[in-house]
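A, B, C and D are the chain letters, set down in written order, and residue numbers restart from 1 in every chain.
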Amino acid sequence: MSDQVTLTIDGHQVSVPKGTNVLEAAKLVGIDISAFCYHPGLPVVAQCRQCLVSVEKNPKLQPSCQQTCGEGMVVHTTDAQSTLARKQQLEFTLVNHPIDCPICDKAGECTLQKLYFDHDNANSRVDTPKVHKAKVVDLGPHIVLDQERCILCSRCIRVCDEVAGQHQLEFAHRGDHELLTTAPGEQLDNAYSLNTVDVCPVGALTAKDYRFTMRAWELDATPSVCTGCSTGCNIEIHHKNGRAWRLIPRHNADVNKYWMCDEGRFTYHDLRVERLASATVDGLPAGWDRAIAQAAKRLGVFLKDPAQIGVVLSAVHNNEDNFALARLAREWKVGHVFVAGKPPVPARADGRLKTADVNPNTAGVKAIAEALGLSTRPAYELEGTLGSLRALVTLGDVLPGAPTGKLKELELISISAHERGAVPHAKVALPSAAWAECAGTITNAKGMVQRQHAAFAPPGQAIAGWEAVVRLAHATGVKLPWVHARDVFKEMIGQVPAWKDLTWPREARPLALRFAGSRG
Amino acid sequence: MAQKVLDALTAKWADAIVRTGSAHGDEIVWVKRDSLLDVATWLRDDPAMAFDSPVFCTCIDWLDWHPTGRPPSETWTEDKPRFTVCYQLRSLAHHHRLRVEVELPEHDPRLSSLAGLWPAFNWQERETFDMYGIRFDGHPDLRRIYMYEEFIGYPLRKDYPKEKRQPLVRRDDLIDAPHKAEHK
Amino acid sequence: MGLELTTTRLENAAEWAKLAKQSILDKATNWGRKFSLFTYPFVTACCGMEFMSVAGPKYDIARFGAEFPRFSPRQSDLLMIVGTITEKQGPALKRVFDQMAEPKWVIAFGVCASTGGFYQNYSAMPGADQVIPVDVYIPGCPPRPEQVLDALIMLMDRIQAGRGHSQVRTKREQLVATANDSE
Amino acid sequence: MPDQSTLKQLVLGRKDVQDLSDEEHALPPDLMTVNMGPSHPAMHGTVRIVLTVDGEKIVKGDVQPGYLHRCFEKESEHATYTQVFPYTDRLNYVSPMINNCGWAMAVEKVLGIYGKVPKRAEYIRVIVSEMSRMTDHLTCIGASAMELGAFTAFLYFLKAREWLYELLETVSGARLTHSYVRVGGVSKDLPAGFDASLTNCLERIDGVIAEVEGLLNNNKIFYDRMSGIGAMTKADAIASGCVGPIARACGVDYDVRRDYPYSVYPELEFDVPVGTSGDCLDRYLVRVEELKQCIRILRQCLKQIPAGPIMIDDHRVALPPKTDAYNTIESMIRHFKHIMDGIRVPAGEAYAFVEGGNGELGFFIVADGTGRPYKAYCRSPSFVHLSTSEQLIKGHLIADVVPIFGMINMIGGECDK
């Protein structure tokens, strides 16, 4: 017996695996059935009644999210009965909805707005006063609730139950006085709480981090990958005017499904903190030309005896930056190659999305170093080696295990996006783009190589890390023939056996959320 | 109104035509690019067609979206058609209109020029070249027309950022003069 | 306020202006200058229609002694940038301004000439002040003729006070020269 | 010790004319290159011509537009359909209302509501369009006359234009860039007393036209500088895509309002003036006659305009009334979606065209189902007409470039888009 069933939706034949619901099947033929409570990543509850469709030989309308497809089933989504049901359901939903759009953070990406506009678009027939509820309810460290706007879809309750595994939200009271609230003795403080804001179809749950900072329809979205830990959750950077305003999870069935952790969402703040915006020589700002010339001059002394030079790769930077520096290290025949990374946080690992390793690219650096035949040591072994080292080229600002006093004696050349850690002690510091500002790939703990896109331009003089390496290489007489991150990538996949079948996707251009249809 | 034009075209030029259609009162014919010049010459010279009056020539860049629901740009390869060049023609004598469209691949956006048939297309094709980078073979004077010679890229392509300026001149006393910033 | 903002573009221009005390002769010269402005209309776009209206019978810019357009930069001392300046037009604008004799004043007529207005794209320049210093900006798309007359009066005040860009620049050069001489 | 003539030459920096030899007296035999524009009073600020001249005679002219390229298309691709109206205003800024109507028609075509706009709205569109056409022709003739030295005609026509601007201001709230028309209708109804003031205005303009005709038509200088200058044959005009007054001056009997009737033009009576010689004088005469036809159309409109709604009753395109938007969530959402996401136009492509001030003004829209156009192309008559100017000025004197350009009525915003 086949595990596929074939059914007809609005005259379109569609074959789906057994167990698929009608709503998902309809999506395959381009029919978007309206729904509030249904979310593909959450259990089905069929409580909003917005997705009612008529199924032939069935006298009553069926919720399409709960109705599994059957062989030979004939479904209508645009007949008079289901159209009317949708319109009336929307009218009910809006009866007590406050007139908040101009002050609502969700406006512009609100599912309620979208569905009303697409499916009802009728005038109001209500002249009774609306039921009022609490407007600003502090639910926890990250989230504020507006009970009036809530349409009681229960998506947030299910997110807490399923994604975080903690029951922190529930409904209270009955009828039109029913409202969302925290469970007794609880507050909304789990590690995945901000997913409730994403799934909220209206502006009831808003993130303290984002609310009243930017209008959603002004934002542009660029796909990327989170750099908070080694999971590599797929995200969208929502940005405008050259800065990120929030990070939103992007669906990837193999990595993070629809979710990401709260900690990861705040990583964008780091893009605007302690940035190194201009090249420096001995701590003073200098142009690129001078800084590179100085770096080459100071390194040049030791290049004849490269055992005195050390190179530090970074598990925080992407594959291209690391590959470029590793290639250069091999050309220079340096004596020591280290891999630096932030120290692991064992308490973080929760078996869901968060891992102990807070470096996004540990696996990538390892693979690159192996492929290039470099023997690497962790950076905390640096201290023991410092005696035999005279010069050090580092990628990134993280340099554990290197006492400041000793660093000052070295010819330290740092390629870094931030001016902190070891960078302020560098003789020459070269500003590089941070993860949201350059194209590249990173490798997560499972060994999956994922693409990051440049969302906006890096600040000041900063350029991509690999490009800084190329400039440094040229100044020391090593020719690296790359002009685009794609060129680095192409050479890299030729050298790393496990990656030989990878392809470089086209650069993603920012998608204006305003014209991308509503989200929610 | 111009259905008879489409019928005549399909009858005579079956090999040269990809498909025909009509939308919102306009008749459209999609022509293979190698046959464009022949079909266009016939359209102008055949007394029953007599498309004497050119209207406009432009191009559509389908990078982001396509009416046939082509997959999004990331999975899409360079040899698939990306540009459509449109020529709108009109016959004053017969009072009918026709849009001739030619699909072009991204890696080789090239087709034969119609400027020799209708002088009006001389500048219009220059504009299309300037804005989209379409090469018109046999065009007498294929130069930039709106933008300056120093301009790099084709601004109306979907992958050209809207606000990417390429200044020719800036004041010296501006601190943030873009042309003084180090070129990346 | 608007006037002060424009002068910050020249290094410490306001400071220089304070230093420059006007003599009676300066005052008399400036009085003469302000009532005989010869306009070079650098007309490029829509604002030109309103510029015609300002010059036309009803609003009649002649009442302020600035009616006579001179189409040679060498004969004019007020450059009216009327309309959008594109990147392609930039060198021409700079050339015209450079050819004008000192002292000279510049009015940016309309938002396009002031900031680019709602044309923020690869071709339109974000304000004529990217290329030349501007004395008075007139908002509006296009500005009403009354606004233009208002701006003209503002410019006249500025000329009288000796605070036009080119006046300040000249004064500063003089001061620098005197300082160098006395050393 | 240098001799007297060399000394004189040294002192004066040049030779005296009587000291020149015959070879030096003769004009140089080779061609000379003269740059005209972009900042030149007759080049409308936005065109540069590199003339190759033989003495005063033009051998070749390389016309270079693009100095006012404001990226209409790129801006439109980033704006909602309604937000494009201000951009269309600034295409042909001498007749913005016609551009508004053209854009609205193109969007209505793709939306499938073409021809379903309420009658009153259509009449209002025609009224404001014809008023705009009048401002266009008044400016064109007035400015050209001024460039030929007839300053009085310029002032008279500017005065008349001012009356029209003031009337249009009462209608739309703006003197020049109106953004008055909306998809599915117009943004507001005509003000009270508009009928009387327009009737009054038309009467006065009638007088002004008669006055200016008296000044120009039999004026020897004007006649000599216009007649026979920049002539074009009918066949050339058609093949170069010329339309509007320019093509009609060449004898092409084509007017979009009559040949592809749109809006309520079928209900109105008007004549299409056609010239014979296709020179500048004919272009001038055609424009003057069109002014009179405009007045005729406007008078009919004022008689025939019905009462009724000014906006289509379709929630997909019409904004809700303001009071509803502020007081009910349904209308609030509708208002919000219209303003922020734009009118959702189904996927498709359409070309709509109207008779603009300079001829067939068309908009070619490709819609992708969202609130903004995927592509918005403007078929600008000025651009087409300017492309013929290289031919027109050939063989004429440099001074003739001025009337030729004046009568082509190249509008920078529309030509360079």
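Assume contacts are C-beta pairs under 8 Å (C-beta built on N, C-alpha and C of every residue); 3 or more make two chains touch, one makes a residue touch a chain.
None of the values given here were measured: they were computed from a predicted structure.
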item	value
Chain nearest the overall Cα centroid	B
Result of counting contacting C-beta pairs for B-C and B-D, higher pair	B-D
Distance from the mean Cα position of chain D to that of chain B, given in whole angstrom	25
Distance from the mean Cα position of chain C to that of chain A, given in whole angstrom	50
Interchain centroid distance [CA atoms averaged], chain B/chain C, Å	43
Separation of chain C from chain D, taking each centre as the mean of its C-alpha atoms, in whole Å	29
Residue list for chain A, restricted to those that touch at least two other chains	none
Multi-chain contact sites of chain B, meaning residues that touch two or more partners	64, 146-148, 155, 161-162
Chain D, residues touching no fewer than two other chains	66, 69, 71, 74-75, 78
Touching residues (chain side chain D, partner chain A) in the complex	78, 315-316, 320, 324, 326-334, 336-337, 340-342, 344, 370-372
Contact footprint of chain D on chain C as seen in their complex	42-46, 48-50, 52-53, 56-58, 69, 71, 82-84, 86, 88-89, 92-93, 96, 118-119, 121-124, 141-142, 144
List of chain B residues in touch with chain D within their complex	23-26, 52-56, 58, 60-61, 64-65, 67, 86, 88, 92, 95, 99, 118-120, 122-124, 127, 131, 144-148, 155-156, 162
List of chain D residues in touch with chain B within their complex	64-66, 69, 71, 73-75, 77-78, 109-110, 112, 114, 236, 238-241, 252, 254, 259, 347-351, 353, 360, 362, 364, 366, 368, 374-375, 377, 379, 383-384, 386-388, 416-417
Chain A residues within the chain D interface of the complex	94, 97-99, 101-102, 107-108, 112-114, 116-117, 120-124, 126, 217, 512, 514-518
